[in-house]
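Each of the next two complexes has chain A plus one more chain, namely chain B in the first and chain C in the second.
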Partner chain A sequence: MEEMNAEPMLEVHDVVHKYGPVTALSHVSLSAGKGEFLTILGSSGSGKTTMLRVISGLEIPTSVSRLRIDGVNVAGMPAAKRRCTTVFQNYALFPHMSVVENVAYGLKIRKVPTADALKEARRALAMVQLEAKADRNIRQLSGGERQRVALARAVVTKPAVLLLDEPLGALDERLREDMQLELMELQRKLDMTFVYITHSQEEALTMSDRVVLMRDGRIEQSGEPLDLFDRPATRFAADFMGYENILDGRLVRCEGGVGEIELAGGAVVRGTLVTPDALPGSAASIALRAERISAVASEECGIDGTLKSKVYRGKYTDMVIETAAGPVRMRSWHGAPTENESVNRIGWKVTDAVIFADGGV
Partner chain B sequence: MSDLSVLSSPTPDTKLEISFRPIWKSVGKWLGLAMLGLIYFPLLWLVLLSISRDPLSGIPGAFSLEHYRALFASDAWHMPMVASVVIGLIIGLVSAVTATIIGRAVPKMRRPGRLLAMFVLPLFVPGMSMGAALFIFARSVLGLDLGFWSIAVGHYVWALPYALLIVLVVTLRFDQSLIEAGRDLGASDWQVFRDIEFPILMPGIVSAGLFGFLMSFNEVMRTIFLRGTTETMPVWNWVQAAAQQSQVPIIFSLSSIILVLTLPLLGGAFWLLFARLNKT
Partner chain C sequence: MTMNIEMENEAGAPEGKTIMKRSKINLSFSQVALGAIALAWFVAVIVPLIILFVFSFFTTEYFQTVYTPSLDTWTGLFASGRFEVTLRTLRVALTVTMIELVVGFPFALWLAKSDIGKTTRAIFLALLTIPFFLDLSSRTIVWRAILGQNGLINTILLSTGITDAPVEWMLYSEFAVHFGMIPALFPPMVLPIYMAISLIDDSLIEASNDLGATPAQTFWRVIFPLALPGVVAGFVFTLGPALAAWVEPGMLGGGFVNLLSSSIESAYTALRYPVVAALSTFVIALLLLLLGALLLVLRRFGASGLTLR
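Up next is the complex of A and B:
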């Protein structure tokens, strides 16, 4: 991906950060181009927030070989001097300032004349549909509105990179969905590089140009949202991206990107091989999404099984199929023609299943 | 009661019921009012006596301002007043500053509990013991002649815990992420302090200063040990009252003036600390 961005806005190379004996970041490198929406995805403790703090300068890393923002070497430079701003998880709005004063603060620090700063701040507030509340006190705002103020405050100084630390975490679901769309729109309008931290795969897939999945202070996998969604390269990535079924077995054949894997119980099934260097005979797993599995006729490729349980969930029906390789979860959409079919054998399209080598974990 | 009832008719549990009688509500109300009377009546009485012609009779009446005139004609109370005000101002300022420095450090400590307990303990050390201890300390360790500065040291030790407790109200509530937000937006450490931290802590710092002033201004017990021949306002008042001299009536006037001046100061401190603080 790096060669795509002739002039990356953000370049981080080989960063290591330790909190005492704990290694929070272990030789991580990433970059983001101008106007790119990069998401760092990971669970708590994966190092994603540390990564953000290293970029913003709120944390000085133990070691880093290169850290550039818009071509400027910022390694060791204090946060205040870097051309990037952060939207904090708890918003961190200044409670003693009005909405517009909060937004204008970064401009005031840059010695912009007060009148111009306030005008610019109001324009930024208009961009997030909050100009009517410019003179309110922060306490009078709802969570979603505070979120917008924090956003306006961070973008008003026109940073090269905007860092967002789980900004939608505290909002309810409906608002979160609206804000996702708004953020994407804003990012496109400003043509600004966004680095977005989240633990939600759904947010990552919806908004990003590129996703970096982190785990235990390392990058597990990175790529376009579709790559991560459809082609997870490890068990962890598959699990994190919501694959309900991961079955273990042994790779028996690989040919032109398609792998065949022998599962426990002897069934041989096929899927797309995502680790091309895997050798036949080695341990491998196949990952399947519940909604991509369907009942098939007995002569088709798949695995025999019997229906064990069936739970109606409104929009869809969840079923558990007991197979020789273990229970498999299957989901069929309500109203689908196959909904009430009896199930003796399940199958899937080769492109809907991924096979990866079991590299230890 | 229906005969079908299998439960024996409940016998009232008198022990429990007594504590829930409605009478307690009115007892509480009247007791409270009586106590408020006990607190405020003497103060009001004092003010009334200070404008009475013959205050030593103990009964207000035949009102006149002659004792106030006598007070302003006399200069005997000037030096104690100046001493008290100057010491009070120094203590207010110094305890506000030191309480702020210590109070800002406390939230960053891993286990501040024990330290805080040690800071609060002096509030319960008998004034007499503290006075005697400071008396020895000021003379033999600090080498101070008893007087203005030894009083100031005693008052500082007395006022600082209060000032610290007040400052802690604001520093413990202060959200450290605001400092990061300020830095992130480009502010230098000094700008972050000036624009963000100080304005948010300010109500607590000012209240701590006001409290420090009042604690010092009202202090008697420690002052008695530490004063040498210097007189502070309350000590002078007390000496005059005990001496049963003709001066006594003007003490009533002086005490009334001080009362009228300090109550709003105290009210202001609390307003700053709680009403203003909840707005931010």
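Up next is the complex of A and C:
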């Protein structure tokens, strides 16, 4: 599906999984290359966690046509035999073992001599800056520290693929940002394939090489973070990626990747067309980020409107502009020229707006 | 104390002070409650034990207790073959406890962690409480009608021609005593282990699996060590009653299986209270000794096999 320099480290093809009458995964395929940071993004119930459990082997899918890790067919293989480990959402650290014993667990299971296992475990702990707490009890650690122990425990056996199930979900904001950077650094250092599950678009954009957006057990869109951020292909993707304004209309013209859409109230506006096969005359929507909208002169392309409300938020000012096509949210950064002037018409760069056909939902 | 000092260091903000005051009151209230419970327990449980222990240093003459301290009761305790009785009691009680553990642990694990439905689990838990509904002697005496010479099983065996003569070892034997004790003592072993296993987070088992452990490795390195508190509790709840059991030996042993409980009972009917006291103290001491041995074994076991230390 994506250009892959070598044999993919992880290959999942056409997996279907049902919990009783509920279909959690419906014909999903994805792959990840060596050293790639792949993020599966989705809200709860999108099937992202089921996907992870299918890869790890903790869940046996209803059907799958191909499931390979590092070239080895693992469909039907028990989780214990697969060369992938999981960092669990609640860390799942063994409470009856010390920090270093937890990390050494996977090595001990593989019959590595105790002294060597402990040495390796300490090295892995050093990698996550926890060497000093190796002999502590798990209960004596903070949330962030537990997270690092879980990470060290999962990578110490050198798996081909590391699966991370919302590992930063339980941490506070500040710690989460630090851990994001640390995770990225660790991933580069180990050159290991990471499959990262999250519901936060910000995390996905910060860390990943590639993002897979899931919805209702299907892949909605996948691509590089910037693709998803700037070129969402559906209303759902645009909404999920934080587009504040999605206006409905009808496609009137398209040429060279630029579309023209007629909004309710008759205004015709332009944006980048992300569904190239859309026909003029069909229903389409335009998505706009609040901070990419600015006040323009009356002869420029845009839409007329009047300022309805204005909220000063310190770093920026949020405004709502009432237009014929509905209210439009606009954000202007502190010090920007639009901040204090009156707004009669708003506009945007063609590359900052996306137009997609309204296929179904 | 340390708490107070920490609180006062917090720059003495007015809110900080109220919290400090409140926590002080809470602390003293919980201390009072704790003290009251400890006192009640002491009066209701510990004091009788002490009196029992003191009684064992008295003697009996002409069915009268002589309140003069002496060691006569203790020195005479193991006369007339009571050593043999002690060994038999230990053997029977430990055999029953071990059978309960070996059968009960897998059952508890299955009940707690297999994917049986909620209803099935509730039904099995309800079934486990049935033994508590009915008096032990009524439950036990039924077996006479089943295991006896003219009992149900022998009738079936004879009428179908499997045997020519009635099977006699089934009743009034050590077999019958074991047989009677096992169902009675199954719930006290299973329930604490079930509770302990239920408390183990499923994700720990998954993590062990995910890190490469076989089911056996997961069992010995994760499930069993985490279930140990339940095992110890089950051991105490089973071994204690097994050491003191008198209904099953009396009804199903038919006088052929002499355990410490029968000694206590006969001493009691003979009004020899100091002997009763000494024997009871002895049984308690045995239980504590066995429990101590178990804990030692587990600690040794835990040191070598379960973790790396």
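Operating definition for what follows: the second predicted complex is superposed on the first by the 357 of 361 C-alpha atoms of A that agree within 3 Å, B and C clash if a C-alpha of one lies under 4 Å from a C-alpha of the other, contacts with A are read in each partner's own complex, and residues count from 1 in each chain.
In this text, a contact is a pair of C-beta atoms (placed from the backbone, for glycine too) under 8 Å apart; a residue touches a chain by one contact, two chains touch by 3 or more.
Since this is a predicted model, take the numbers as computed values, not measurements.
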Check your understanding: Overlaying the two complexes on chain A, which is it for chain B and chain C: clash or fit?
Key -> clash
**Study point:** Which of chain B and chain C A:Leu58 touches, first, second, both or neither
**Key:** both
Exercise for review: In the overlay, answer first, second, both or neither for which of chain B and chain C A:Ala104 touches.
Suggested key: second
Check your understanding: What is the contact status of A:Ala79 with respect to chain B (first) and chain C (second): first, second, both, or neither?
Key -> both
Check your understanding: Counting only touches as set out at the top, which of chain B and chain C does A:Ala117 meet: first, second, both, neither?
Key -> second
Revision key, fill the gap. Of chain B and chain C, the partner touching more residues of chain A is C
Practice item. Quick one: classify A:Arg250 as touching chain B (first), chain C (second), both or neither. Key: neither
**Study point:** Touched partner set for A:Arg329, first chain B, second chain C, both or neither
**Key:** neither
Practice item. Kindly classify A:Arg66 by the partners it touches after superposition: chain B alone (first), chain C alone (second), both, or neither? Key: neither
**Study point:** chain A positions touched by chain B in one structure and by chain C in the second
**Key:** 56-58, 78-81, 85-86, 88, 90, 92-96, 105-106, 109-110, 153-154, 157
Review point. In their shared complex, at which residues does chain A touch chain B?
Key: 56-58, 78-81, 85-86, 88, 90, 92-96, 105-106, 109-110, 137, 139, 153-154, 157
Check your understanding: In the complex formed with chain A, which residues of chain C make contact?
Key -> 201, 203-204, 206-214, 217, 221-222, 225-226, 306-309
Study note, to complete from the structure: Listed in rising order, the residues of chain A that touch chain C in the complex are 56-58, 78-81, 85-86, 88, 90, 92-98, 100-101, 104-106, 108-110, 114, 117-118, 153-154, 157
Revision key, fill the gap. Per the touch rule above, chain B residues touching chain A in the complex are 175, 177-178, 180-188, 191, 195-196, 199-200, 279-280
